[in-house]
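Each of the next two complexes has chain A plus one other chain: chain B in the first, chain C in the second.
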Partner chain A sequence: MKKRWNIILLLILAFALVWPYVGPDYQVYLSLSLFSYSIALLGFNLLLKYVGLLSFGHALFIGLGGYTTAFLTSEFHIPHMEFSIILSILICAIVATTVGFICVRYVKIYFAMLTLAFGMLFHSVLMKTYHLTGGDEGMALERPYLLGIDFSSMGTIEFFSGPFYYYNLGILIIATIIMWRIVHSPFGLCLQSIRDNPDKAKSLGIGIRKYRLYAFIISGCFTGVGGALMATATGHMDPGMVFWVHSADLVFMTLVGGFTNFFGPMLGSLIFIYLRDIITSFTEYWRFIFGALLAVIVILCPGGAMEALTNFFKLLVGKTKPGEKI
Partner chain B sequence: MIIEAQNIKKYYGGFCALDDVSIGINEGEFASIIGPNGAGKTTLINILTGFLKPEAGRVLYKEENIVGMGPEKLTKLGITRTFQLSAIFSELSVLDAIKIAVISRQGKGMRFFADLARDKQVHEQALEVAELFEFTDQMQEKAINLPQGKKKLIDVASAFALHPEIILLDEPTSGVSTSDKHHIMQVLVEASKKIGINTVVQVEHDMDIVFSYSKRVIAIQQGKILADGTSDEIKKNEYVVSAAIGRKESFTTFRDIMAAKGQQGA
Partner chain C sequence: MIETVFNILFSGIFYASILFLVAAGLQLVFGVQKIFNMACGSFYALGAYLGIFFVNSFLSMGGTPLLALLPLLAAGFVLAIIGPIIERGLLKFVYDRDEHFQLLLTFAIIFMLEDVIRLFWGTSPQLTVGVYMAFGKINVLGATIPVYNLIVIAAALVIAGIMGHIITHTRFGAIIRAAASNNEMAQAVGLNINNIYVKVFTIGTVLGTIGGALVIPTTAAMSEMALDLVVLAFAVVVIGGLGSMKGAFAGALLVGILKSLTITIYPELEMLLIYLIVIIVLIFKPEGLFGTAT
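Entry: the complex of A and B
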């Protein structure tokens, strides 16, 4: 079974590599969002799947990453993407430490509400500090240097479906590998013990607040990197990216894709981004349809699209018979 | 004395759960705490293991006051416990649950990038404990899918894997059928010998288990020590035994109810 998954992953990777050559430009451009959301969701789901904490304010970190990159490229004229990413990680780590210090004392709805509050606090700050952030008009981002190479002579489409596409893909792969290692480390197992039974974890010598805080910091850093890339791809950053609705979008993607699977949120962001694109071409009420979709998935398949897909896959390879409980 | 509680007082609101309780457990002892429901047995365990803070009194572990230290810290000093309601990690496998204890003991919890699957030290030591507790065929089984008795044993096994110096078991056989109880206790005693856990304190309701395994019995009632002595002494003390298990009371109440019903029927 494990081998089969490896083959599937390799096929997906191969497809991702040739996609800019075969796909329509616009669809290729959309996959940039897919990559950056996937990175952000890796962080988000570390909290949800492994620590059992639902953050409702993770757009805060997307905002931190995005605005850091915006300030660096537009205000300070430091266009190096790597520098933006590293600074985003640092800033997210600092903010996550302070916010997390307060939030991880609480669990469940209280944790969700507190993170929501901090997200909205940052949103208000962005709106009010008009002279710095441009308020609700936001900030424009300049095209970055990738690995020290200046691509300013390149056309927009060529840049986004060429160097920047592969740059994003590369970061996503690195982020996925790092997160995979974290969740399969002793630290990752301890996080799961805290999720399942905090008191028992305590009795085994696990300092639950410390572990939750570290997980929160790691989570924030990943989401910040996603934000930095997201803002660069859109070329624009505004407080809407930090608004609670955007946090809810992250929750939505994770639930639709399936939070119980490591790769579930990635599938969720794929569904979210492309489905939204399709639906908005018919109607502006795409959230209405998404709401219905979420309801259907939560009722029929709580494990999300990933669960449905793996079950279907298991049926295909004949591991289980139809109708049998998987 | 390895652990000693001195003049412990604990209140839940206005209710006094423990009233000036002092007990000392000697190294190498297997002691049982008995008492009716609500006597304060679990509260005492919670205080000894740092899960609760007493309003007054001291807890000495090897002559050091440990009141105010959390359970994480006490675990590192060599005190650990199990829970009355089987405390399991429902989504984790048996082996993983034990691995967490081994990771904690070896101080590897903060290894973010180490590949746990390749950590032979952790794996082998967890395996050893799992085998002591007869999990050989269920290593990869999720805890939630196991029967009640096995769940209890995961709780105990993971606590044992910490290699504590003293372990406090809160009803290790509750919720288990009478026939399985002795088996669980035998496994437990055998494992504690092999791992080298000298001092065991258990809360237990089953008098048969209490008298067969422990040399010392401490009876608590309404937050006070009712009796403390060898199991032979306590066994002879009918008053203590009936108070501890509430037998006399419940029998008389039951008899009264039945008698009343009989009269109604007639």
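Entry: the complex of A and C
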């Protein structure tokens, strides 16, 4: 089974590499959102899948990453993307430490509510400090240097479907590998033991709050990197990116794709971004269809699209073992 | 000085009345069904839009603006119909699920209702004309208070009183409290829990739609109103304590008055202060000011 998954991953990777050459420009541009959301969701799902905490305020970190990049490129004229990413990680780590210190003392709905409140607190700060952040209007971002190379002479489409595409893909791969290592490390196992049985984990000497806090910080940093890339791709950052509905979008993507699977959220963001694009091309009522889709998934298929897909795949190869995991 | 205080107080209490209605619906549903219904904001928006439609039809048929309260309340009650549809059609499947899924299902309802509103009324803001001013204004100690605001405050108080009476003094209220405190036991003694859930959810829906209908002579109905109100209602119930009616009352008063106070004195602080209080309450008293009671 494992071997087969490696083959699938390699096929997907190969496809991602040639995609800018074969895909239409607009679809290639859309995949930039796919990559940045995937990175953000890697962080989000660390909390949901491995720690069992549902954050309803993760757009806070997308905002931190995005605004950090916006300030660096437009205000301070430091266009290096790597610098933006590193600073985003630092800022997200600092904020996640403070916010997380308070939030991880609670679980379930209280955790969701606290993270929601912190996200909205940041949202109202952004709205009110308009002399700095442009308030409602938001901020424009300038095109960054990638690995120290200035691409400002390049056309917009060439830049986004060329260097920036591969840059995003590269960071997504690095982030995925790091997250994969984290969740399969002893640390990741500790997190799962806390999720499954906090009392037992405690009796084994695992500091519950400490581990939850670490997970929260790591999660915030990943989401912040996603935010920095997201804002660069759209060239614009506004408080709407931090509004609670955007946090809910992250939850949406994760559950649609399937939060119980490591790669589920990525599939979810793929569905969210491309399906929305397809639906909006023939009706303006995409929200209704999305709402209905979400309701159907919540009611009928809580494992999300990934579970449906793996079941179908197993059925296809005819090797279904009950309870088998990837 | 004194008139400023009165102005702040009255606009705050007016705001609180509306918030209380929506939050009371949220609390009732959370208390009995244990679902945090984020779609309460959409019910509020639906009430607002249908209220405008009813009032404007009423006026164009020659009705006097002074009776506008009738079509507004009618709009609120007509929307009771979506209560059973949503409860039987969607929520009944997730009562035994993880609360993450329950939250998400109500989020799905927000998405769907947003497009329902868009389908009927489009995206441009909707207004009622001439209702608000028809009621005139009165002077209280030098402060000018629109009479309509006083009517809404009175209406909210009456509704709060009726709710309180039903919950504490009637057979149906006893059944609701029984289902809220232990629904398995309630079923064991022969109560039809599905029936209770439908009724409770419908009452919760109507509280939201009436809140939206009553607010509408004072402001325009816009597409963002649902999403903005959800976070305010959220603040109210967190401050007051999840599931508590007294909490909804106190929380709504606090949020309403704070909102009008900051808008008058230092608008930059408006939502900031409310979220800060929410966070402080969650940290020091996560069960809220009036927590644990139903």
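For this structure, a couple of remarks:
The rule we apply is simple: the second predicted complex is superposed on the first by the 319 of 326 C-alpha atoms of A that agree within 3 Å, B and C clash if a C-alpha of one lies under 4 Å from a C-alpha of the other, contacts with A are read in each partner's own complex, and residues count from 1 in each chain.
Here is the rule we use: a residue touches a chain if its C-beta (ideal position, glycine included) is under 8 Å from a C-beta of that chain, and two chains touch if they have at least 3 such contacts.
As the structure is a prediction and not an experimental result, all values here were calculated from the model.
Chain B and chain C, once both complexes are superposed via chain A, fit side by side. Contacts of A:203 after superposition on the shared chain: chain B is touched, whereas chain C is not.
Contacts of A:211 after superposition on the shared chain: chain B is touched, whereas chain C is not. Legend: residue contacts after superposition of the two complexes on their common chain; A:243 is shown touching chain C, with no touch to chain B.
By the touch criterion stated above, A:4 is placed in contact with neither chain B nor chain C. Touched residues of chain A were counted for both chain B and chain C, and C has more of them.
Of the two partner chains, chain C is the only one touched by A:298; chain B is not.
Vectors from the Cα centre of chain A to those of chain B and chain C enclose 80° in the overlay, to the nearest 10.
By the touch criterion stated above, A:109 is placed in contact with chain C alone, chain B being left untouched.
When the shared chain is aligned, chain B comes close enough to touch A:186, but chain C does not.
Minimum Cα separation between chain B and chain C in the superposed model: 15 Å. The part of chain A that touches chain B in the complex is made up of residues 178, 181-182, 184-190, 192-193, 195-197, 199-208, 211, 214, 218. Taken in their complex, chain B has these residues touching chain A: 49, 51, 70-72, 75-76, 80-83, 87-92, 96-97, 99-101, 103-105, 108-117, 119, 122, 155, 158-159, 162. Those residues of chain A that touch chain C in the shared complex are 48, 54, 56, 102, 106, 108-110, 112-114, 116-118, 120-121, 123-125, 127-128, 243-245, 248, 251-252, 255, 284-288, 290-292, 294-295, 298-299, 302. Of all residues in chain C, those touching chain A in their complex are 36, 90, 93-94, 97, 99-101, 103-105, 107-116, 118-119, 227, 230-231, 234-235, 238, 242, 268-272, 275-276, 278-279, 282-283, 286.
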